[in-house]
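When the chains are written out, they are named A, B, C and D in that same order, and each has its own residue count from 1.
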Amino acid sequence: MNFLERLFLPPQASTHAKVVDDVFIFVTWVNIIFFVIVAAAAIFFVIKYKRRGPNDRTPHVTHNLTLELVWSIIPLFIVMIIFFWGFQTYMVARIAPNDSFEVQATAKKWLWAFEYPDGTRSINELHVPFGRPVRVVLSSEDVLHAFFLKDFRVKSDVLPNRYTEVWFEATKPGEYVLQCAEYCGKDHSRMLGKVFVDNKADYDRFIAEGPADWKTMPPAELGKMTYEQAGCVSCHSLDGSKGQGPSWKGIYGSTHQFVDGTSQVVDENYIRQSIENPQGKIVKGYEGIMPTYQGLLREKQINGVIAYIKSLK
Amino acid sequence: MSTHHTDSHHDTGHHLHGGPKVYGVVLAALLTLTIITVVASKIDFGSASANVIIALIIATIKATIVALWFMHLKYDKPVNGMIFASTLFFLALFFAYPYIDTNSRTDVKPSNWKGPAYMPDSGSAVRGIGANFPVAPAPPPPGAKPAEPAAKH
Amino acid sequence: MSSHAITADHEAHGHGHHDPNLQHHFAEMGQQFECSKIGMWLFLATEVLLFGGLFVGYGLMQGQHPEAFKSAHHHLDWRMGALNTIVLLISSFTMVMAVWSAQTNNQKALIRNLILTIGCACTFMVVKYFEYSHKYHEGLLPGAFYSYTGPHQNAEFVFFSFYFMMTGLHGIHVTAGIVVLCYLLYRAKQGAYNSSYYTPIDLTGLYWHLVDLIWIYLFPLFYLIS
Amino acid sequence: MANATSTHTHTGTSQPQLNYLTENTSLKDWLTTIDHKRLGLMYLAAVMAFFFVGGALALLLRLELLTPKQDFMDSATYNKVFTLHGAIMVFLFIIPSVPAALGNFVLPLMLGAKDVAFPRLNLASFYVYCLGAIMALAAIIGGGVDTGWTFYTPYSTTTDGPVGLMAMAVFVLGFSSIFTGINFVATVHKLRAPGMGWFQLPLFVWGIYATALIQVLATPVLGITAVLMVMERAFHIGIFDARLGGDPVLFQHFFWFYSHPAVYIMILPGMAIISEIIPVFSKKTVFGYRAIGFSSVSIAFIGFLVWGHHMFTSGQSDLASAIFAFLTYLVAIPSGIKIWNWLATMYQGSIEMRTPMLYAMSFLLLFAIGGLTGLYLGAISVDIHLHDTYFVVAHFHYVMMGGTVIAFLGGIHYWWPKMFGKMYNEKLADIACWIIFIGFNVTFLNQFMMGSQGMPRRYWTYLDEFQRYHIGSTIGSWILGFGLVMAAGVLLSSLRKKEYDAGDNPWGSRTMEWETISPPITHNFEGQPVLRHGPYDFRVEPTPATVAGGRH
């Protein structure tokens, strides 16, 4: 058994993996037995009944009902076992327990974005606390993707028009690979993520400080990442063209005219105010449709955005 | 089973069926059913689906009449009718499975549901050539006000 | 089984009064006729399933946007649809009469019925033309071309996508039918068909009835849903 | 057809008889031929050409995958190449392979008919195929398509490139397939020789008949699906596009309604060939004739009911998944019945391991693996893990390549003497068969292992832990490629012989195609042959060719 598992299957890292692997191993044994029967019979007949000469006579046997029923019904019985077992273990993995830790995952070409219950976001790395079932609710922003954790034996397509879900409970803390399994274009094979099953302390640190790579990232680069991931990109262009909101190109240091007739030079404070209280001052020619980002962006990200806007000449 | 000695001799016109009288009656029946289906559509049978079902039943009766008399299936070799019937069977199958699927999906929602994963086109924008089509709704900005008052599930 | 032994020469050369319409690989006309009929029915099966894809798509989309489909159908004039239904039913009748005329060696009636069928088919296309141009002017067009500005539901453009695809594909079939019928008319005037050889008339008839049959479903689905 | 009977000679002299290859040999005669045998050969040449193109693409893909980094093509190119490999192999090679090439050649001969029911439709089918192939080539020249052969929406409706042209090529190729199907069904119904009832049909005919039914009933749906996809792409009609309120999963339903039965379009003819080869080389009547015949038809039927097993992870409902999974297992039974019946046919036979039989044995083992690994994929919970991994890739290559292609090669080796009247070098052909067998297993056993370890398919780069399997698989692909080229070389070199040296019935078969001379005359038989014994009745001596052309 262990030999077959090692040969064919990745490590079992979720409570569900063992259940699925049992079906896998059962089918493997069924297959081995049937294959050996077929192969042995074929080879044996080829040797045993080798043609002796051109005048060989063979018995004229057209059929044998008993035999044919036996070899139809026994396999039918076996495949029905596999069907019911496979379906039952599938349903176990369908419904997440009520006390699950819930994460929302959004896929788009070619990255994974995660949103945690407290509003924290991360890209391509998913941190979950160890010891609780985790429910991941999936949706896509463009084409089909699939959320595939091989060590947890879970997979679900990610659709653009509705939500799907997977759930798992890890059996040990650690780092696992997340792969996209539904073909989605050029960088399909690079649409990888990591799942960190963290002990409590590690998880709290993640929530407090953000992903590890923020520490080493230059502020403007973090700002660019925030611009793309937090949704700024959908309204603010970088090339000077007019979107739902003013373009960011060269606005730092320029003067904004507001609908109430006042005006102000764009500086660090103004940018910060606009992020936290966008309805406070609305630039002439635009509608006040931007939602507040207060509490959704960490201090580091706001500083990053300011640095990024500064860098856009 | 010799196929060369089948007893059909359509070429000699021995086994003619139908005829102007039969076809005239069939046409009259079809026209009557057309009137009935129009009238039925103006009557409210309780629900929209009831009206659709009645309309389709009448259409099926008409189709059967056309197939049996105009298309000669009533007099024809059974094999042709079998081909047609099995076609309809596979068509029904083709409809049934996606129908079963779309009507028995579990409606997965995140616990902080903010509206459908993707809103169908709002319809407010004028659609047309050159009108910046396709209209891709912007991804909902983080913390955007729920599209609908926080729907419960 | 050896009782069926027929020698080659008997089959291929023996009778000496070959029908010129008999192809070389058939033994006799009845076999050839039945064979053609099976082929035609198989072709009709593919036609049914080709349209079937659109019917299934229509049914499922109707289930997803019932309100939009309901409001969209008000843009169609059921009187036009009913007129076309009647025209097509009559053409089916004249078609089957054409087959009958060929079976009974009535050359005049054959030609007359073919002309009537072609006339009905053309009438159908003319009515269709008026309907289409009306939709075009209102902007009730499929998908991205939908530019109707009056009151409407979100997904009405899906209804018109299917309306144009299904009636369009049907219209293509009617047009193809007209072309084939014209050819039959041309051949019939040359006296090509008689009671011992009318296969092309019969097969075209089957095709034509199928076109009618599809319209029998299109009419209530598009014009009468409420 | 005017000259239908003009060339028959009854001289019985030592003059070489004109056959379908030597009569009217101008290019125009070939291009406008309605002779099913010539059309079969033309199809054979065309599909083999595409097989080697598709195979060369596969070798390129395997070479790129030797290392996880970029070796010689970037990911965008890789995507186009695997799409092309899939599309060519499925639509231009494997679907027309056995039915349109071998079926065209053999089926009327087996029935004792002079031609298929609609010879001109047959010619049209070939040219429609050529048109589809040209459209597909134009799509490649026009920039290539990167959707995968499955064209899943919304990727296919949003990506750049001539996707519409490619989809319309598929539409056109579908009609070629439909025409072939219509032709064969009508032929089997109406052109059987006197005395040949449904249960005296050779099993190859049963398999092709079941295949033809699927071709007729499933292919139109592929056509309309391609049209809908193109419409969505061009006009945004709102059926598959989520942004417009459509349902991308619906596309998968539409697509697999055709493409799952299409799997049986591919494998049933393969099984049909094996059902011919095994009794002939065991010199024993086939065991369970009716069971094999009915299992072909029931596979074709159940094949329509199971398409959703491609969609267990797609977001279809659990109820739909359960129904599809249950019915999927029912297909296992008739497939299993065939294997048991073949083995039972060999039992107590007089087995001669000639080249076609070697291919048949190779088929038996590879198809057993391909079929048995399907049991994993039908179990929903296991499929969740294996779906869209190399395990699936390996599974369907075992069925398609290990099954159909091996059977196709076996069939070509079996009917080669009938087609050309010439015997190839059997020793070399056996060696080629062994090389193919070994290369195939090295290539795809590795893929089973990396797939169940979690290697997703359609990946241009991959985690380092999978590299050892990829190296093995790539090396296997070279062996396999070499074996295929060698097999082709052995066959083609036999054509250079001057003499027809194969004899009319080199294998001692009892089916009717061997009752005419090899290669057959233009109208197949001198006169109308009559069934004298069952197709696998080895109690009687083989019937001699109807005409003695002085070559005996």
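Basically, a residue touches a chain if its C-beta (ideal position, glycine included) is under 8 Å from a C-beta of that chain, and two chains touch if they have at least 3 such contacts.
The structure displayed is predicted, hence computed values, not measured ones.
Colleague: Which of the chain pairs holds the record for C-beta pairs in contact?
Modeller: A-D
Colleague: How big is the gap, in whole Å, between where the Cα atoms of chain B centre and where those of chain D centre?
Modeller: The computed centroid separation for chain B versus chain D comes out at 34 Å.
Colleague: Cα centroid separation between chain A and chain B, in whole Å?
Modeller: Whole-Å distance between the two chain centres: 38.
Colleague: With chain centres taken as the means of their Cα atoms, state the distance from chain A to chain C in Å.
Modeller: Each chain reduced to its C-alpha mean, chain A and chain C end up 50 Å apart.
Colleague: Going by the touch rule set out above, which residues of chain B reach two or more other chains?
Modeller: In chain B, residues 2-5, 79, 86-87, 90, 94, 98, 102-103, 118, 120-121, 133-134 touch at least two other chains, as defined above.
Colleague: Return the residues of chain A touching two or more other chains; collapse runs of consecutive numbers into ranges.
Modeller: In chain A, the residues touching two or more other chains are 159-162, 164.
Colleague: Mind pulling the chain D residues that touch 2 or more other chains?
Modeller: Within chain D, residues 189-191, 194-195, 217, 221, 236, 242-247, 249-250, 254, 315, 318, 528 contact more than one other chain.
Colleague: Classify the inter-chain contact topology: is it line, ring, star, complete, or other?
Modeller: Graph shape here is other: it fits none of the named patterns.
Colleague: Mind giving me all the chain pairs that touch?
Modeller: A-B, A-D, B-C, B-D, C-D
Colleague: Which positions of chain B touch chain C when the two form their complex?
Modeller: Result: residues 2-6, 8-13, 16, 18-20, 23-24, 26-27, 30-31, 34, 37-38, 41, 48, 51-52, 55-56, 58-59, 62-63, 66-67, 69-71, 76-77, 79-80, 83-84, 86-88, 90-91, 94-95, 98-99, 102-103, 120-123, 126-129, 131, 133-134 of chain B touch chain C.
Colleague: What part of chain B is in contact with chain D in the complex they form?
Modeller: 1-5, 79, 86-87, 90, 93-94, 97-98, 100-106, 118, 120-121, 133-137
Colleague: Write out the stretch or stretches of chain A touching chain D in their complex.
Modeller: Within the complex, chain A touches chain D at residues 7-10, 19-20, 23-24, 27, 30-31, 34-35, 38-39, 41-42, 45-46, 49-52, 56-64, 67-68, 71-72, 75-76, 79-80, 82-83, 85-87, 89-94, 142-144, 146, 148, 150-151, 153-157, 159-162, 164, 177, 179-190.
Colleague: Please name which positions on chain D make contact with chain B in the complex.
Modeller: Touch list, chain D to chain B: 189-192, 194-198, 200, 217, 221, 236, 241-245, 247, 249-250, 253-254, 257, 304-305, 307-308, 315-320, 323-324, 528.
Colleague: For the complex, which residues does chain B have touching chain A?
Modeller: 108-112, 116-118, 138-145
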